[in-house]
Structures are given as C-alpha cells and as structure tokens.
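Next, two complexes with chain A in common: one pairs it with chain B, the other with chain C.
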Partner chain A sequence: MAEVATQQISKSKSFKAAVLFLIFLASISLTASIIANDKPLFVKTESGFWFPAFSGETYYNQDLRFADLAEMPSDTISVIMPPVQYAPGATDIENSGFKSPGQTQFKDESGSRRMLRAWERHHLGTGKRGEDILSGLIHGTRISLSAGIYCAMIAGFIGILLGCVAGYYGDRGIVIPRGIAFTTIIGILPAWFYAFNVRTYLITADIPVSTSTATLQAMASIMAFFAVLAIFASLGLLLNYIRYFNNKVNFPIDWVISRIIEIVNSLPRLIIIISIAAISRPSMANIIMLIGLTYWTEIARITRAEIMRIRNTDYIASAKSSGASPWRILFKQALPNALPVISVSLIACIASAILTESSLSFLGLGVPVDIVTWGSLLAGAREQFDAWWLVVFPGAMIFLTILSLNKIADTISSRS
Partner chain B sequence: MTTYLVKRLLWFIPGVFLITLLAFAISVNAPGDPLAVYKSELEKIDTENREQETLIVQQWRQKLGLDLPVFYLSLTSVSSPSVELTANLSAEEKIALKRLSFISGNASNSKLLQSSFYGMWQVLADDTGRIEEKKRELALVRINSLKTADNEEKIQLLMDEVRKLQIIDPLFQRQYQNSDKLFRNWRIETTIWKSWTPTFQIHIDNKYHRWLFGDPYGISNGVIHGDFGKSIITKLPVSQTIFSRFKWSATLAIISILIAFVVSVPVGVWAGARPGSWFDKITNLKLFVLYCIPGFWMGTLLLMVFANPDVLQWFPASGIMPPGGFPKEIGFFEKMIATLPYLVLPICCYTYASFAFTSRVVRSSIRDNMLQDHIRTAKAKGLPLPRIAFKHAFRNALLPAITVFSEVFPMAVGGSVIIETIFNIPGMGFETVQAVFNRDYPMIVAVCTLSALLTMSGFLVADILYAIADPRIKLKGATNG
Partner chain C sequence: MAEHLLQVDNLTVQFGKTFTAVDGISFTLEKGQTVGIVGESGSGKSVTSLSIMRLIASPPGKITNGSILYNNRAGQKVDLASLNEDAIRGYRGNEIAMIFQEPMTSLNPVLTCGYQVAEALRLHKKLNKKEARAKTIELFNKVKLPRPEAIFDSYPHEISGGQKQRVMIAMAISCDPAILIADEPTTALDVTVQAEIIQLLKELQQEHGMGIIFITHDLGVIASIAQRVVVMHRGKVVEEGEVHDIFKNPKHPYTRGLIACRPTLGRKLRRLPTISDFMSEGERTIIAPNIDIQNHFQSLTISDNETKERRNTLESQVPLLKVENIRNWFPIRKGFFSLTKDYVKAVDDVSFEVYPGETLGLVGESGCGKTTLGRTILRLIEPTSGKITFKGTNINSLTASQMRAMRKHMQIIFQDPYSSLNPRMTIGEAIMEPMRVHKLHSNDKTRKEKTIDLLERVSLKAEHFNRYPHEFSGGQRQRICIARAIAVEPEFIICDESVSALDVSVQAQVLNLLNELRDKFGFTYIFISHDLAVVKFMSDRMIVMNKGKIEEAGYPDDIYANPKSDYTRKLIAAIPGEI
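And now, the complex of A and B:
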C-alpha cells in the first residue's frame, strides 16, 4: 500500500516541482555566505593566501570588502569574489534610493565615479540605503527556512508527545493506585518549588549571556520537576499497605490534553505573539520559541486522532498480547504508522511558521532591525510603491515557499 | 442540547481566566515605573523637602498596590523576604534582596545589610563639602552598585573598593563600620535550610485581584468593568479609544466574511458537485494558489497596482476617509459613499483568504456527499444536477461551512493586524501595532485581552450554531469525537 502511494505521489509533476524548489532553497540557505558575501572567497598574494569569506579573517588588519578592492595592497596576485558581491543589508551610498534592476548603477572608485560592470551589478535592484535585494533574499532564505524548521521541531515535540499520550492511553488507559495519585498531586507544589523557584536565578541570569545555556538550565529545571514528582510518586507506594489507598483510579489524560488543546487553540496567536514580543527584547530565538509554543495544538490534535485509530487495529492488539511495553508499542508500532499523517501537519506547521515569521518582520515587530529577512525586504516597499522589485521578488519567494510546502502536504494527505 | 450549551458556556470560563492571566503577566512585566503615569498628579503636590516627598510616594505606592503580592497563591521559600521588607524598594533592589536572603537563608539580616548600604549612600548624598568631591563621586558609584549587589563576592569586592578610597569623614566611617559588621554577621548567621523549605501562602488582596476587580481607592475600576487604565501616550482612558477602533475592525470583518460566504458557497458547491470537471480543476487550482498567497503580499501588490499614480490610480492608498475628514453638513449615507473607495482594497484583501478557505472546505464536503445513497437516488430519478447539488447535497455540506466560521472569525481579528497596518485603517490591529511601537502597555494589554475574548466568542458562536444545525451530534460526546 505504502509503495503504491509513494509511486503515485512521485508521478505528480507539481509535487516534484515543489520538492525540487524546496531542495533548491535548502541548498541556497546552506551556501548563503558563499553565494552572497562582500568578502572575497579567495585572495592570493606574494606572501600567502587567505579565505576571508569562510574564516572571517581580517586582511592586513582590516576587513577586506568589495568596496576596498581598489585599495588592495600592491602584492595581490588574484582575488576570487562570490557570485553576488554584496552583504545583506550593507549600505551602498552610490546606489541608494531604490535603484531598479535595469537602471544604471555606479561605483565610486578612488574618487572617480564609473558604471558598474555586468557581473558587479545589483541584479535585483536596491533598497532605500542601496542594500542589495538579491543578497538579502539569499540570506533571508536561511532565516525563513531555519525559523520554519525550528518552530516545527518545538511544536512537533510538544504536539507529538501530547498527542501520542492522549491517543494511546485515552481516558481509561492510565490506571494507578489511589495512593500514588494522592502523593503525586501533593508533590506538584514542592516539585515546582525545587525545579523553578529555587532555580529562577540560574535561568534568568543566563538569558542575557547566552540563550543556549539558559535553555539548558530551563531543561534541567523541567527534569528536576519530574524527578521530584517521581520521588513523591514512589512515596505513594508505601501507602499501598492501606486498603483505601490501594484502590485503583482512572486518570483521564485524554480529557485533560483535549481541554488544553481547546483552550490554547482559542487564543489569537498573532496578537499574543506580538504582545509578548512587545515586553521582551527583539530576538529571533524568542520569536521562534513563541511561534513553536503556540502552533503545537494542530499537530497534537491530528496525532491524537491518528494514534486513536491505530490503537484499535489488530497488529497493536497482537503486540499488546505478546507483552510489549506501552512505550515500545507507541514508538515502534503506532508512531511509524501514523507518520504520513503527522508529517502533513508538520509540513503545514513549517508553512505557517514561515508565514508568521515573515508577517512579524514585515510589521517590524519582535525581529531585530539588523537582520534582513524576506518580510523586512518587502516592508521596504511600503515607503515607495514604485519600487516593484521590492514587492515582487521577496513576496514571490514567500509565496512560492508556502505554495510548495502546502502542495507537498496536500499531495501526501490526498494520496496516502 | 441545554446541557451541551451549559457545558460549552462553562468551558468559556477557564479560557477567559487564562487570557486574563496572560494579559496580567504582560502588564506586570511591562518595563517602566508604574508611578510615572501618575507623575503629573504627583508633581502637583508641593515637594519642598525630601521627607514629605518620600511620604507621598509611599502613599501612592500603597494606593496603587505596588508592594502587594502578585497573585492569590504564592509558593516561596521560608527565607524569602516578606512583603513588608520589600516595600518601597526598586525592582532591582527587590531582586537583590531576594537573592541575598536565599544565599544566607536569613531575610532580616539581608534587609539590614541592604539598608545599611542605603545609610552610607545617605551620608554621602547629604554631605556638604566635608568629603573630597572626587572621592565622593567614586564612592557613590560603588555604593549604588552595592545596593543591587546580589552575591557575597560582589559585596566583598565593592566594600574593599570603598575602604580603599579612604574617606576620613567620621559620620561615613561609622556607617561603613556598621555595614562591615552587618556583612560579617550576614555571612555567619546563616540558616540555609530555610531557603530549601517551601511555604505556600494565600493572599486575598493582591495585584491580580486589584487589576481584575478594581482597588478600594477608586484609581481603577478593574478590568472586569472595562477599565484598562489610561494610555501612556494620549492620557485618555484606553477603553474609550478601543471602542472607536473596534467599530472599523468589526465593520470590515463582517462585510468581508459575508461577501466571502456569498461567493464561496456556490463556487464550492458547483465545483464539488462535478469532481474532475474543468470547472472543478480550474477553481481547485486557483483556490489553492489563492489560499497560499500571504496577506501582506496581496495587500502590497494591490496597493502597488491599484493605488499607484504610475500604474492605475483607481483607489486611494490609505486611510478610511478623505483627508481632513468629512464635511459637517453631509448625512450618514453620503459619508458611506465617500468612504466606499477607501474600503474596496482592504475588503478584497480580507475576503480572498477566507474565500479560498471556505470554498475548499465546501467543495470537499460536497464531493463526499455526492457519493452517498440519497444523491444516487436523486440522480436515478433524473433530477437536474444543479437541483441535486444545491438542494440535496447542500444541506449536509453546510455543516462544515459553519465550522469554517469559527476559523474565519479569528482570521478576521488576527489578520486585521497586517491588513489594517498596510492600509492605515484605524482599527484594533492597527492600534495594536501602534501600541507596541509606542510601548503603550495599557493599550497592548487591553487589545490583547479583547481580541482574545472576541476570538473565543467566535468559537463559541460557531460551536452553538453547529449544535443547533446538526441534530445528529451526540451532544454529550461532541467534544470527544
């Protein structure tokens, strides 16, 4: 079945085109700093050679940029520049004020003004400060794609985990002795105290220094939370000797998770992201985190429904009867079979994350000013609508990316 | 049915609670001094001497509830400083005091230590020329950082630096000796077990309560009565501004949803009735592409083409009324006509996304319905296709179209942020963006709360409509399916 579906999918021309386009984008984003950079790829002089674009090395104690090529030391033998010789967002005074792709473009070379040669031109025009649009688009690809993928990772982790647990266990799947339930509930407060109250300083002190260590500290806190809960749960085992506490109770995990999904779903995402971005410092990591934390509900909902369907199939029943542990069944049997459906929602999540990220940078909210993205390039056109190249190219990139992602999701969901 | 409605209405409450918590968290964490808003009122009072000034500021802090606990419940360590100890401290000093108390496990010692630094600072600040000016300034800088120092090494370092300045004023020396003694005490008399012991407290009077229900001094009536405070920028009550903004957002959203429904349902029905026909193929492709166009790109493209003097200047580029406002003598109807050209582009922009979305849903739902037995019977009877599609299949296919309403409503509220900003329409979304740029926190909180409430109401209405329209719903299990 799966093979037939895969064959059918790969026959679709538009699907192929969409996949090829995304591969193209991915390769651009991986090689962005080689394709578009104002530092040379390779410099050879009599005293040796350098790779400034890769190493960020300074050359004769100064940043070697395209603009400085005329003032290169005289012992230079050869210089190889990247195909696009501009850095994203770098000011070019000679070509400032919205130069269209076809317009004559100039370069100031040691005082005299000359026209740019064909390979030196701003191929897709410039913005207000003369920033190169093509270079911005190339580097924006990296930002958009990574924002989409990171968001999908965060949302996917939360969504798949909660969806699996809700779908697999249902309302009657988790049966625990009353004693353990009792001590676990009591344990929530101390667990919260030891995991978060005591460690607040450790987490918050790291946020300005490095986001990654702060994240690690936060993860450690979450682990501490569950560790303390586990200690309290094992205390509950002692209560088993009392008959009252030995009776079994149901924990309606599905009900709880479904209600959480409902509530989070009914919040207006964009407005909440904007409001939270207003009180925190603008940073890409914050935006990605916020988008990821608000988009998991759809993935959770779909995973839950799919796992619930798979739970009632025969092969799960046979795995259960052969004594496999619930987690083994979930991750070895149920999840791989639910993957086509889940991947559709993950791809849709990437698309909406990219859309949200570019909307935010279009509005100029929450995203640092110095980062050039597709959305911020498009926003440049709001000052001057004559600059069609600022509207068409970045917008088309966003549109085509969303279109390909949705096309892939659509094809997978209709054929599998 | 009634039980379902009651249940659904009850489920509205935790959502609202969550939203108020979120909005409150934003308003509490907003940077800046809350007292600054009332500065103009503070300045009216004559503040000749410092004592009177601090007294008045203290009164205001108490009135505004700045030193109250944040929420009904609090979970802290036994050693953490009580509300009385942290009163009248700045935010940084508060954090430093909490940290010091946690390290030593002794809140009162930490408080004494911190206030002794304040004593040193006071001596230097009140000094009239006895201490050398250069030394005094250097010492003041050190002591200012001492007041917010939050660990032992930092205090030790700063104290040493102050000692090395060798200020030989007897008054200052006495204060310094005092601080030094307290610092030694603070290091010795530790009760660290207290820091690691949790306590759980309940506070009836707290910041959240006052924010929600108003305070006893009548400064705020509370969010529950629609009082979100005053805007930092315009100094007008926020709720007043919001209402005038909401009018425009609601008008645009309602008009565009209606247009989208009127157009999309027939298109969806006709495409879904004959799957595989040329009409179906073309509309499907077009709708898919339309669905993928980002709203802000569509808006900018529309402006570039239809409001550009170089291309086609059919419509005005921004705003909602002629520059300079309406002439006074014209009536409501003329006003409408004058506004109309301004609304065309935004409404197009609003409509296309929900149009594409709704048509696709209606189409797939009709397509599924066309395979059912009663449709086959109708076909066998020889009824014409339009009659089958719009009469027999349409009724059943309308149900998913209702759920679409729940998706479209938040789209209108959330999507309005982008469209209103592009077209400069003074609605809720435009106001949100302006408030964020102006750092107008009361406004942000109000817009956030209200749009969340509106979105949730949209879902509620859709759910109730669905329950009314579909008699088959097993109402009890409706939320579990």
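And now, the complex of A and C:
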C-alpha cells in the first residue's frame, strides 16, 4: 500500500512543482546576499583582493558600492559584481519615482547622465525612492521563509507538547497528591514571571543581532516556564508529610489544556498581534514570536485528537504491558504515528505565518522600516496605483509560496 | 441432466500480469443447495465469490478465462463473466446477493439499520417509504432479530456483532435472491453466535429455496451447513465432493490437514496436527506421505495417567498468581450532572489461583468480562476492588514505577495481530523495544542477536528484522507478537483471544508454538477464548465466565463430560463439526 502511495505522489506533477518551487525559494533565501547586492563579489587591486559582498569589508574607508564604482581606486584590476547590482531598499535617485520594468533607466556617471546597460537595469522596476524591486523580492524571501519556519517551530513546540499531554493523559490519566497539585498551580505565576518577564531582556536583546537566537531564547523561555513548574511541583513533595496534602486527586489536564486552547482561539488573532505590535518596539523577532504564540492552538488540537485515537490501540496497550514509561510510549510509539497528520498542520502553520507576516508588513505594523519584505513592497503600490509591478511580483511570490505549501500539505494528508 | 442454477466452468482470474489468484476452477450449484468453498487465506476463495458478483477490483484484477453460467429468473442462461457493467448491476443484490465477513464495517455507521435495508427495497422493488418499512420489519422478524421496531431505528454501533450480521442477512434476502453468497459470514463472531447464524441460514434456505455459496476457512463449519464442498488451495480446486464423503474419506493430503487441524472436544492431544504433517510443499510439487487421520490422532493422544501426573506436580506448587474477589464496575453516568446511575459489572467477584507452568483457560461469550479480567490482572485497567497477588507481591499496592519493573514478569498477547503492532516500527525494533525498556542484555548488538534468535524460535527468519508489519500475514504477525512478549523472558503470559482472528490451519500452528514455548521455558499462561474446543485443548484447568461471574471451574475433561450449567452446555453445543 505504501509503495502505491509513494508512486502516486511521485506521479503528481503539481506536487513535484510545489516541492521544486520551495527548494528554489530556500536556495534563493540562503544565497540572497550573493545574488542581489550593491557591493562587488570580488575586487582585485594591485595592493590585494577583497570580497566585500561576503565580508562587508570597506575599501579606502568607504563602502565599495556599485554606485561609487567610478570612485574606485585607480589601481583596480578587476571587479566582479553580483547578478543583481542593487541592495534591497537602497535609494537610487536617478531612477526614483516608480520606474516600470520597461522604462528607460539612467545612471549618473562622473557628472554625465547615461542610459543603463541591459545587465545594470532594475529588471522588475523601482519604487518611490528608486529602490530595486527584484532585490527586495530576493531578500524578502529570506524574511518570509524564516518567519514561517520560526513561527512553526515555536507553535509546533508548544502545540505538540500540550497536545500530546492532553491527548495521552486525558482527564483521568494524572493522579497526583493534592500537595503537588496545589504547588503546581501556585507555581504558574512565578514561572510565567520568570520565563516571560525576567527573561524578556534576554529575548529582546538578541533581536537586532539575529532572529534565530531570539527564537531559541524564546523556546528556552518556554522550557524555563515548565522547569519552574517542575521545581514547584517537587516542592509539593514536601507537603506530602501532611496528611491532607497526601490525598490523591485527579488532575484533569485535558480539561485545562482544552480550555486554554479555547481561550486563545477566542481572541481575535490578528487584532491581538496588531495591537501588541503597535505598542512594542518594531522588530522581526517580536512579530515572529507573536505569530508563533497565537498559532499553536490548531497544532495542539490536532495532536490531541490524533494521540487520543492512537492511545486506544493495542500496540500502545502492549507497550504499556511491557513496562515502558508514559513518556517513552508517547514519543517512541504514539508520536511517530501521529506525525503525518501533525506535519500537515505544521505546514499549514508555516503558510498562515507567512501570510500574517506579509499582511503586517503591508500595514507597516511592527516591522522595522529598513527591512524590505514582500508585504512592504506591496505596500508601495498604495502610493502609486499605476505601479502594477509593485502588485504583481510580490503578490505572485506570496501566492505561489502559499499555494505550494498547501499543495504539499494536501498531498501528505491524502496519503495518510 | 437438469439445468444447474450456477455453473462455474474453468474460471481463471488474474491480478496484474503475473499473479493468478484463481486458476481454472469449476463447480456447480443447484437450487436449494449449499456449496461450501474452503481454503486458507490467499487460496482464492474470496476472489471466486467476488468474480461471480463481478466485484473484483479491476484493474488489476481480470477474468481471463472461463465462464460463469447462471440460469436467471426468466429461465435464460447468461454468462456473468462476459456481461457488461449495466447488465450485471441488474443481477447484483436482486438475483445474487452477498453477505460479508466484517459486519462491523459493512453497515454504514451514520445511517440507521432499518433505513439501509429499506433503501435496498425501495431501490430494487420500487416500494414507497411506508411499504418498505413494513417489509423491513417483516424481514427483521424473519432473521429473528429481537425487537425489530427498535432495531429499525438504531444505529449499527448500538447493536451487537451477531445482530449486525442478521441485519446484513435481512438486507441480502430482501429481494428474494436465487443465490446467496456468504463470504466468511461467521469468522468475526463468537462460536455461539456462529451456530445461531448458521441455523438461521439453513431455515431461510428451506423457506426460499436459495442456492447458497458458503465460504470459510473452517471445514468444521462447512460440515454443519453444506451438502457439497470445494476445497481450494493456491487458486486451484484440490478436492470436490459430497460433504460426507470428504469427511469420511478425504483423498487430498491438504483436505486431511484441514480436517485434522481443528481442535475437537472429544480428543486429548499432545499437539494439534497441522497441514505440514500431511504434506510439504515445494515450489510446484506437493510431497505427501500417506498418513491416515485416525492413526495420526492416535499417535498424538495423551493418556489419562499422564494428565493426572501433570496435574499433581503442578498443583503441589505454591500458586504463582492469586486473584481474590476482583471486581471491575464501570459507572454509567447520565443526565446533566453526570451522576452515576448504575454500574456495568464487567467483572464481579472473581477469585482463582494459577500454578507455575500451568495453563488456565478462560472461556465465555463476547462481553462476559474475560478480556477485562485479563487486563485487570496486568493492571492495564485498575480494579474497583479486590486483591491480585503475583509471586507473593500484592500488585495493586505497587507504585507506577514499581509496576513498570514488575511488567517484565507478566506479558500479554492480544487478539488482533493487525492493531497490536506499531505500523511505523520495524518488527526488529518492536521486539527489541521491551528489552531496552528493562535494560536487558548489555547493548543493542547483543539485543539484536537475541531478537534474531527469537524470530527463528517463532519460525520467522533473520532477514525479517528490518521489515514493517504490513508485509506480514496475520499468522506471522501473531508470531511476532509472541516473540515480543517473550523477549523480556517473562514467567506469566496472558493470551487474550490470541488465535481468534486466525485461520484454523494457522491457529493450529500458533497453538502448537505456544505449547512448545511453555514446555521449553516454563511459562504460565492464562488462555482466553470464546471457543471452548480451543480452550479445552490448551488448558490444564478451565474457568467458564458469564456476565462477569465465574459460571463453572474445573478440569476441562470433567466440564466437557459433565457440564453443570446450561451456559456451558450452550458453549459446547456451539462447537461445529465433530469428526
């Protein structure tokens, strides 16, 4: 059966195309600064050679930029420029004011104005300040994909963990002494305080440096939350000496998690994100974290339902009867069987995170002004309605990315 | 010669280009007669019946040769094999009806039972809603469903498996078909229900004069319903004839094997005969030593003295497991506040002891609480009250982690070999997992060696280590489950209906394997089944359970010879085909 399914998948052309498109996007986003940069890839002079595009090195105390090529030192032997010779969002006065892809484009060379050669052109046109659209698209790919993936990481981490616990233990699975239940509930507040208030600085301090370390810090915060809870739970062991606290009570973990999911779901997601983004310092990491922290509920619900189904199969009973611990059963036996379904919701999460990020930057909320994203390129068209290239190209990128992700999710879910 | 109702001639069905599922079979069916088709899984018996209905999946399946001549109501002869799709639809359900093995899945769960039957009537007989309802209730009465009006409005999950099968039969006979094809209609049911369904089919046949094609893997069942029997093996008919002749004087070694491998109540055997006793198969040839069934039985019989001796040594020991006054009551919650209104007494005040090395049989119908009892002993379900002592330890008082350590000594083999293996784990991993949990053997390399050793011990091969469960047949999967259970070297194993889902011939092999392992490693078993003959063959002592209580307990021979309760008598009477 499995072989037939894989055959069908490899036969599906649209699935292949979707995967290829995403691989294409990923390679673009990894090599963005080589493909589109206003610094030369390689400069050789009589006194040595440089790789300004890779290292950001300056020469003669000034940025080696295409625009300044004329002012290159006279001993320059050779210069290799990237295929797209503009940095995202960089001003180009000569071509400012929305130049369409086909329009004549100029360049100021040592005081005299000349037409741009074919390879120097703004291939997809320019924006208000003459910023290159193609370069913006290429660098925006990195922003969109990383936003999607980091969001899915945060949302997946919370969602899968809570979904597994709720689905596996159910309402009757956790029977603990009353003392532990008490201290754990008391511990929620300090745990929240430590993980998300005290550590705020650690997370936000990393934001300008790199999105990925900030995401890791955020995940560390989530783990810290559970660690503090665990410390409080173990404090509860001390209470066991008092008889009242030693009585076993049923902790309805499924009920608690399901209610949390419902509460988070009932909040209007976009409005929450917008209002928090409006009051906080604009940064990509903030946005990513906000999206991640609101999108985990769908993953949690699907994981919970899937684990609940698997929990009642005989192979889980057999693992139980062989003496495996609950966590071992959960992660070795149950979770691998739930993965096809969970991965569908993870991919859907990536897609909606990309979409949310694009709409936020379209609105200009929460995203720093100097970062060019697909959404912010689209926003340029608000000022000039005739600038169709500002709508078509970024719009097509967003559309194709979401379409590919949905196609992949579709194929996985129809197979399993 | 008179016209046959159905004449299958040289029928050949191929799947793809290479695999021939049915290879040139011929048989005939007369009006009012029952023909049994017997064979193991994969022998092509289901494909034969589906071909008559032209229901084989096509592609890849295709009727490549032969004819299926059917004498229709109008008195014409038609070849079902060559009819076009529209024409054959007129016969399906109307003149030729079919009932399937799995009553659980062949009814649509979102429609009421009555609606589904009435729908068929409205479609074929063009009745209006009211007439269809009246006719359906009449049919329900005919198939002896209790409270037909209530069942008309119930959903499939609300009625039992036997009742569902009766609904299916009602649907099948609703258009008064000339031929009824029953594809393993009783395999998923308890033996007691099976006996009732067979009785019902016989009565319906007398009343309507249908021809029945009854397909099963169990020759014993055939004996109680069919007049003629066709034995199929690897897509070919190996033997065909009157039921009496075949049972009295089976010519083909395969038939002899099928007849002999079913556990019977009358004999006490050391091990069950298997088909491989009678024949061994090469690639194309069959080598068959000429063994007489009765002589073979003789050589396997255990003497009374031997049994007595074994009993004495077993019972002189300290019990391994002591179960005292176990109760398992499940609350029924009703109403807005979910208050407990009543209890389902799944297990009610049960006590017994098991001696080391003994097999204790637990027999009863579905829903009698035998499975709940088994799971309660392993603490997979917590008992409401009572005490379970295993090796001198009260296991109800153990903490969760102590219990996990204790599980090394107690294992369980489940009924359904399809759902008890994790589909995403190779079988090697599945067998190694319990060893890892209990940190047996120092590293994964020695564990792997041990696993391969176990695979060979249950007659599988070392190269199966990296395969996934879906590549194995039901019997092989059950062997894998056995290997997994004995991987942690337990002392005590519960076999919960472990052979009920298997063909009779495979069942014999697995039962023999369980006994071999017991003799070799000194396991203690609790063997749970609904089939009294199987339990009698396996066990040293036996408990009959009914409605959560122990109905009767004692030595199997005594219970068989002198059953004290009506319930036990019913269980004994349900065993088909005494030879």
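Note that in this section the second predicted complex is superposed on the first by the 341 of 416 C-alpha atoms of A that agree within 3 Å, B and C clash if a C-alpha of one lies under 4 Å from a C-alpha of the other, contacts with A are read in each partner's own complex, and residues count from 1 in each chain.
As a convention for this text, a residue touches a chain if its C-beta (ideal position, glycine included) is under 8 Å from a C-beta of that chain, and two chains touch if they have at least 3 such contacts.
Nothing here was measured: the structure is a model prediction, and the numbers come from that model.
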| item | value |
| --- | --- |
| Which of chain B and chain C A:P252 touches, first, second, both or neither | neither |
| Touched partner set for A:P368, first chain B, second chain C, both or neither | neither |
| First (chain B), second (chain C), both or neither touched by A:T313 | second |
| Touched partner set for A:N337, first chain B, second chain C, both or neither | second |
| Partner chain in contact with A:L270 - chain B first, chain C second, else both or neither | first |
| First (chain B), second (chain C), both or neither touched by A:A324 | second |
| Touched chain A residues, chain B compared with chain C | B |
| Partner chain in contact with A:E262 - chain B first, chain C second, else both or neither | first |
| First (chain B), second (chain C), both or neither touched by A:G395 | first |
| Overlap of chain C and chain B interfaces on chain A (superposed complexes) | none |
| Residues of chain A touching chain B in the complex | 189-190, 192-194, 197-198, 201, 254-255, 258-259, 262-263, 265-272, 274-279, 355, 358-359, 362-365, 375, 378, 381-382, 385-386, 388, 391, 395, 398-399, 402-403, 406-407, 410 |
| Of chain A, residues touching chain C in the complex | 1-2, 313-315, 317-325, 328, 332-333, 336-337 |
| Complex interface listing, chain B residues touching chain A | 11, 14-15, 18-19, 22-23, 26, 29-31, 75-77, 99, 102, 195-196, 198, 200, 288-289, 291-297, 300-301, 303-304, 307-308, 310, 317, 410, 413-415, 417-418, 421-422, 432-433, 435-437, 439, 441, 444-445, 447-448, 451-452, 454-456, 459, 479-480 |
| Touch list for chain C against partner chain A, complex | 375, 378, 380, 401, 403-408, 410-412, 414-416, 419-425, 433-434, 437-438, 468, 470, 481, 484, 488 |
